[in-house]
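Next up: some structures, all given as structure tokens.
The two complexes that follow have chain A in common; it is paired with chain B in the first and with chain C in the second.
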Partner chain A sequence: MSTYTAPLKDMQFALHELAQIDQIAALPGNEEASPDVVSAILEEAGKFASGVLDPLNRVGDTQGAKLADGKVTTAPGFKEAYRQFVESGWNALKCDPNYGGQGLPYTVATAVEEMWHGSNVAFALCPLLTTGAIEALMLCGTPEQKEKFLPNMVSGKWTGTMNLTEPQAGSDLAALRSRAVPQTDGSYRVFGQKIFITFGEQDYTENIIHLVLARTPTAPEGVKGISLFLVPKFLINEDGSLGERNDLQCVSIEHKLGIHASPTCVMSYGDRGGAVGYMIGDENRGLEYMFIMMNLARFSVGLEGVGISERAYQRAVAYARDRVQGKALGDQQKGAIIRHPDIRRMLMDMRAHTEAMRGLTYVVAAAFDHAHSHPDEATRKQSLAFADYMIPIVKGWCTESAQHVTYVGVQVHGGMGFIEETGAAQHYRDARIMTIYEGTTGIQGNDLIGRKTLRDGGRTAAAVGMEIARIDDELAQLPGEAFASMRKAMGAALNAVKTAGEYVAANAQSDTRGVFAGAVPYLELWGVLCGGWVMARAAVAASRLLAAGDPDREFLEAKIITARYFAEHILVKAPGLAREVVGGGASVLALADEAF
Partner chain B sequence: MKVLVPIKRVVDYNVKVRVKSDHSAVETANVKMSMNPFDEIAVEEAVRMKEKGLATEVVAVSCGTTACQETLRTALAIGADRAILVETEVELQPLAVAKLIKAVVEQEGPRLVVLGKQAIDDDANQTGQMLAALLNWPQATFASKVELAGDQVQVTREIDGGLETLALTLPAVITTDLRLNEPRYATLPNIMKAKKKPLDTTKPETLGVDVAPRLKTLRVEEPPKRQGGGKVADVAELVAKLKNEAKVI
Partner chain C sequence: MSTYTAPLKDMQFALHELAQIDQIAALPGNEEASPDVVSAILEEAGKFASGVLDPLNRVGDTQGAKLADGKVTTAPGFKEAYRQFVESGWNALKCDPNYGGQGLPYTVATAVEEMWHGSNVAFALCPLLTTGAIEALMLCGTPEQKEKFLPNMVSGKWTGTMNLTEPQAGSDLAALRSRAVPQTDGSYRVFGQKIFITFGEQDYTENIIHLVLARTPTAPEGVKGISLFLVPKFLINEDGSLGERNDLQCVSIEHKLGIHASPTCVMSYGDRGGAVGYMIGDENRGLEYMFIMMNLARFSVGLEGVGISERAYQRAVAYARDRVQGKALGDQQKGAIIRHPDIRRMLMDMRAHTEAMRGLTYVVAAAFDHAHSHPDEATRKQSLAFADYMIPIVKGWCTESAQHVTYVGVQVHGGMGFIEETGAAQHYRDARIMTIYEGTTGIQGNDLIGRKTLRDGGRTAAAVGMEIARIDDELAQLPGEAFASMRKAMGAALNAVKTAGEYVAANAQSDTRGVFAGAVPYLELWGVLCGGWVMARAAVAASRLLAAGDPDREFLEAKIITARYFAEHILVKAPGLAREVVGGGASVLALADEAF
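Coming up: the complex of A and B.
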């Protein structure tokens, strides 16, 4: 059996050479993130992921979370692992030190969280949602609300949830119906049913802090009438102790394709007179707040894609080394299947995608840090624009790539991949939700075209393209076929993005439906371009380190080979994707609805 | 009471060890290194003694290259109070390490030294015993249970026939076996704090110890590849094969 090992070497490489963590550590407030501390953190997090979370991954899948009498029992071992997780302080890694957090940069948190997703994605969801709720409170909670709820959420003593979806309001939150009725004491009574609430109920902690979107009686229709409420499972007394049980309950949990250890709850609020809730931020601005949260959550889901891809890759490599079957072409003896050309192609494909995704997410995490703490306002703005542009790409492309990688992971196993025992199938099933929750790939594509590309007249898109195009000079200076090949593919991909972008800009008004029919290919096009870009940067850095006499030649040479593979097998798809965008909408839309 | 915990930086237990192409040693360049697992158990035991109020200070010490600092930080993250690095580029053999630790013991004055029974790289299983002899202290090796009471320590040790319990008078040397405890995962706040704990560096020359190797490695080789197995028809054939082919009986 394969066990998860945090890819520390590649993580360190991505942190130093791509995310340039030395610059992050130099930002005000990040003094603690020195290379040796970061290295110790990654090391210890890796031990925790391999030693505690990975062994529970299969148990979580086979046993899952169970519901009886409104109470959720998590899979065997999960409660204890959660206790260890929070006692070790991992929950507080990137939180504000004023509320008990460690205040470490996003970039460091990103590498650590990749390990949680890689070793046990269902487990990692609960802390992920708690972090989201913490961010929401940090952003728009009153000082009293922060004081009352944040310390226990940061420590992990209480968890947090996000309650958006209702049966009739999924991607379209305008259709949301939950109500919040104001009371004379300033609180609200919340009524309604919410679905798809991750860890809406669990047996880990004494309390759960639900963040719930609902409408006040005077709210306007549509998206402009939604407010955000904090609804605790147990009310909190003046002295901070737990009070009365609030009027909310988990009425059922979903039977799902994957992430079985994560209870996906149907939550019912206000069946017995109304759940006590407190408004967070201003009335009718709930959706706006949620979108800020959602940006971070979307990034995290993209990171899940990285983690699970790494896991699938490690499992496939272990199997390919071990499984003896036939004589590979050109070999004299029977050998492990890793000798077969097609198995190697699959492993390279998994590896190249995973390393590119890792590079991209870490680079975007670094942009979050610059946007958050860089002393220069212009740099902050620029970094924020870059990060905002990249979020749909990280979410859309990394999760779609994770489908491919986990799919190939099953394929490497052959017939055994279809058998649950090998574990490859679990990754394939667990990954499947990632392109759906926190906005489907279609929504990400629409976001990339609508909000991110068209809204500012294509300015950010052009700036990002220019930044990426700078790699050409660096590649041109390096000798050898590998770099020539990368340069050629990057050039073609940049042209493809330019052509597609111009088409989108020129036709968005006249042929809106046609342009948006190409939203997902447009997103994928950007994804492969960005993947090619970070891999080319990685190869340039590897070449520089090799020239400087870095002793780890094996790793650095492999990096250049993997970057070349990416350029020659994945990045080359860019021109085809551009052709899908340019004019491809016509055939998408031509058939009458009845003809389907 | 002060407890000294000597620790060694070794090739990580997950790494598949490879022999250098010139057969001079095992490849350690660009290989993941970590604390010898037996030493991790020693650190854990010492920290537990401190947490129970039986020890006042836990000092971790390591002998080797600058990179050992990283390993010492791991010990500090588990809960050691401070660390000492005896820095040298010389390849250290068990006797040299025992002498170095003896010198540190004389400087620090601990009442108890707890260390791993052996290191997973060369598996020598000598340092603790040599140290006890050099110090002329009692020793209890392969400890699976340690009970400290005043100036006495009772150590249960794992021997071939079962368990043996020894009573020692401090100062003493204890070497740890696998079942003594299960080392904790370092917590994030402690990892951060480890950076700020004192780590002093000294050198063998300063301690007045000659660390020149006494043993010469002639050649390092991979264990022979496993030969394919075969089926035997009956016991007689098995015995014959063991006698004539394998020549083990």
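Coming up: the complex of A and C.
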């Protein structure tokens, strides 16, 4: 019934007013990202998302990927869609032009990627992983490795994967056991089993480039003994042609709650003498490299949350407009359920969360661009620190919010939401993995408290808080209840973050476990604060445009209304979340293990 | 890996300390419900749940119910389990002994029913619906109708269904169109299509007694023209034997997100001349009767939330104890993930929600018993008013909490939670219907604000609030941080409810839509308050028992710790929820329909 439509107008608003894409286009190397070019790209991407990917979303769910005799067959239509995807150049959007990429700013690529997640999140995982592998190679590969593998990965002729997890080593990568034995020719033989490998096998492409974490024989134990290896499905001959089949295989795929079109593979390396692999970067620094990639992958998973939330919202709105049921309070006659106050509350809740997530991810994407390309070193550093601080918030908060949004999306449909054919339930199931893979919300919370807040003595956290607090002056200057309400809620939330942050800093030494027991509430607290911040910024920008006579009044007024909703219904959770952090550890930790 | 174990000790604690089952056993007619008898019943029920129902839960999910040629085949093992269920007398626990029931108090039946929902919620739906049909017949049937149908329904030889929904009439029953045409013999011919009919067809029993809402030819439009009909699958001969097949059939079953073992049927009545039906009670009073039944069904759905939450909690604890991953903060060596502060926070969150839900449902069940059997009329009235007020809270808050608990249950499992074989995902999917059927959470919120709070000018709401507020004195007398913390959080929550309630009362006339836009937050606010109340009562009781030298110290101390967790991590949401109610309607309603 409902089809995905890329929310181009909202995206453009977020790009211009929040991510300030004009500043990004002015950075060296970004000259091509003119407003016209960006508009054209977004429009084309929107067509591809609606025309090619969205129609496959349900068949991907019902048919899924299948494994037989070590070969994965993707759902009907996916292979052809992938071919069109790479032929249209979508795979290479943010890649280095030296290897065939289009070198577009991260911010633009982010808006485009949102559409892939919105229209078909299972499909989008394959390019997401390839991009991660490309980034790792760009960062740590030798010139020869880059020359040999990158052009075909950038073009999409080959895909890439990340192989981290093993049965005994999930969040705890220190426990991984896969081995890599050096050979006289400088290559390695890789042995081990990896699980949860997204698109570890597929029928899209002639080759797959696996990046695999493993230990060399002399490696120290724990995280300091992990190296990164490139292990291609087919070896590459000197002339660049495909050589012999490497000793690796997909031995099973998982039966999952969602994202059925994305094969989640158990990969076995070295069953017949060892898989040929090449070390990427320095020995024993694999985890460090993986974490750089993982940061970007975490950002992308946060973005999945945005995309699927938008999709769920659109579907719910379409149903609420179409379904006639009863006479809403205050109405004279029967009407569509969108007239009912509670349905409207749910739609506003979905909408406000989605816009806040989008604003936040685009703002963080812009920080990546500044960190990458700004001519001033101090600005680069500051942008990088901001982006690093934001990664766990984007990952943790956007994916948790996506659970809520897809949940509400089912609820808007009433009984029909529970029926699979309706489609709302698929978003709910597909979204469920997002708070888990690339580091659970708990891991994100620990990262935010540990590495991001405590490690530099709270300096970055304070700086980000001060940046956010600047919104107060702007809100104070604007008349009307909506802005007063936003200002009040932002003030309370800033205060809550300050209180929680001070508690974390003061007690991290003396009560480490108690402080980390509050890691997820601390992350959620930052999430709603940041969401409130970008929404308030959007409202301020809308107000400015309205004052300047912008004719698109309804659209701009909706920004102010939605920001007010966010302040009064979502941001108001901040003090309660702070309360969970401040002194909340005792009741979390008091019970004996046996008493559960 | 994990099997369901009825939480008998927690149940007994809730029965004795919260529901005060000793008072219930003292009511006239409840003489048989001695502590020994109750213990024996609970133990036997626990064995049946663990031994018979729990092992079928996953096969029910994977195989589901199937329809072919109008016949439903339930999942392997279900038919046999049903046979054992009724043979053991579980179907008749709270039914009238005059018709073969055991006449046990509602409170005891509630604890038992929790186990069915905990071990196999899809299985439990069939007896749940039969009980509803029995109640309707008890209430409004003629002596002849009771004699003819009740004994076989009570014994479980026949099952019962509720047929309300039609494609165009879901929450809005006024829109229903099924017709019942009177015949000269006093019976009716029923025509129409009903959807979402749980166990509308099955292979358990020789007959199914459908209760169907339909309109007579002279009926007024809207809700005042709906009558209730009994329409058996097979007609009953004068001698009580099965007669001819009635003109009704299951034409399809739904493909659902969860509860696959429960066939959700589209029923067609009267395709070949009309299904023979018998009017139950007075003409045009069908909706009124349905609502009495529905109140009890709503309570049972809230109880489903308790059962499935307990199940999800047990599974999560088992996994967290078993799964070794990393070294927890502050620990010297690797251990099970239950050692990690964030895992512990999640388990405490599941546990605290589940115990609060259980306490609340048992307390409300006790009010049913007092309303039914107390010799003093004023007490009966007061208990009924309390129970009526609580029904939407039990239904709405317990089912919403069950979403959260089953969600967290998946999260505790990390990547394994997303794999269907693990089992956590099934609970998450099965639970999803609970906030929808028997009235969505929005409907419950409207009921709580409209019928329950405003209709009597807030009298009952105020009385319930005052009853809850009495806990303050008890908390004030107990020393230590935990009780001080509970007292503070309860005080803030009571204040929040008062503020929200006053707002609702003051603005219901002038801003009806705005007030009802806050219906669900208002319900959630009451939910956390009531949850905090029963948890605080549990902690007070535990403290009293400890002081009296009860040797089960760890169990009782855990009650205090869990109550403190509830206060500091869940009850603290109350002020934010109140803020959503107070003045929150404007931003919900401001957007034009077209602007979504």
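Worth a mention:
In this section, the second predicted complex is superposed on the first by the 596 of 596 C-alpha atoms of A that agree within 3 Å, B and C clash if a C-alpha of one lies under 4 Å from a C-alpha of the other, contacts with A are read in each partner's own complex, and residues count from 1 in each chain.
Following the convention adopted for this analysis, contacts are C-beta pairs under 8 Å (C-beta built on N, C-alpha and C of every residue); 3 or more make two chains touch, one makes a residue touch a chain.
Note that this is a predicted model, so its numbers are computed, not measured.
Applying the stated contact rule after C-alpha superposition, one finds that A:L93 touches chain B and leaves chain C untouched.
Touch criterion met: A:E44 reaches chain B, while chain C stays clear of it. Applying the stated contact rule after C-alpha superposition, one finds that A:E554 touches each of chain B and chain C. Once the two complexes are overlaid on the shared chain, A:Y407 sits against chain C while remaining clear of chain B. Comparing chain B with chain C, the partner in contact with more residues of chain A is C.
When the shared chain is aligned, no partner comes close enough to touch A:S383: not chain B, not chain C.
On chain A, the surface patch touched by chain B in one complex and by chain C in the other comprises residues 554-555.
Across the interface of their complex, chain A is touched by residues 165, 168-172, 174-175, 195-196, 254-258, 317, 320-321, 324-326, 328-330, 334, 336, 338-348, 351, 403, 407, 410-411, 414-415, 417-421, 425, 428-429, 432-433, 435-437, 440-442, 445-446, 481-482, 485, 512-514, 516-521, 554-555, 558, 561-562, 564-565, 568-569, 572-576, 579-580, 583-593, 595-596 of chain C. Those residues of chain A that touch chain B in the complex are listed here as 5, 8-9, 32, 34, 36-37, 39-41, 43-44, 47-48, 51-52, 84, 87-90, 92-93, 102, 551-552, 554-555. By the touch rule above, chain B contacts chain A in their complex via residues 14, 29-30, 32, 34, 70, 73-74, 77, 185-189, 191-192, 194-195.
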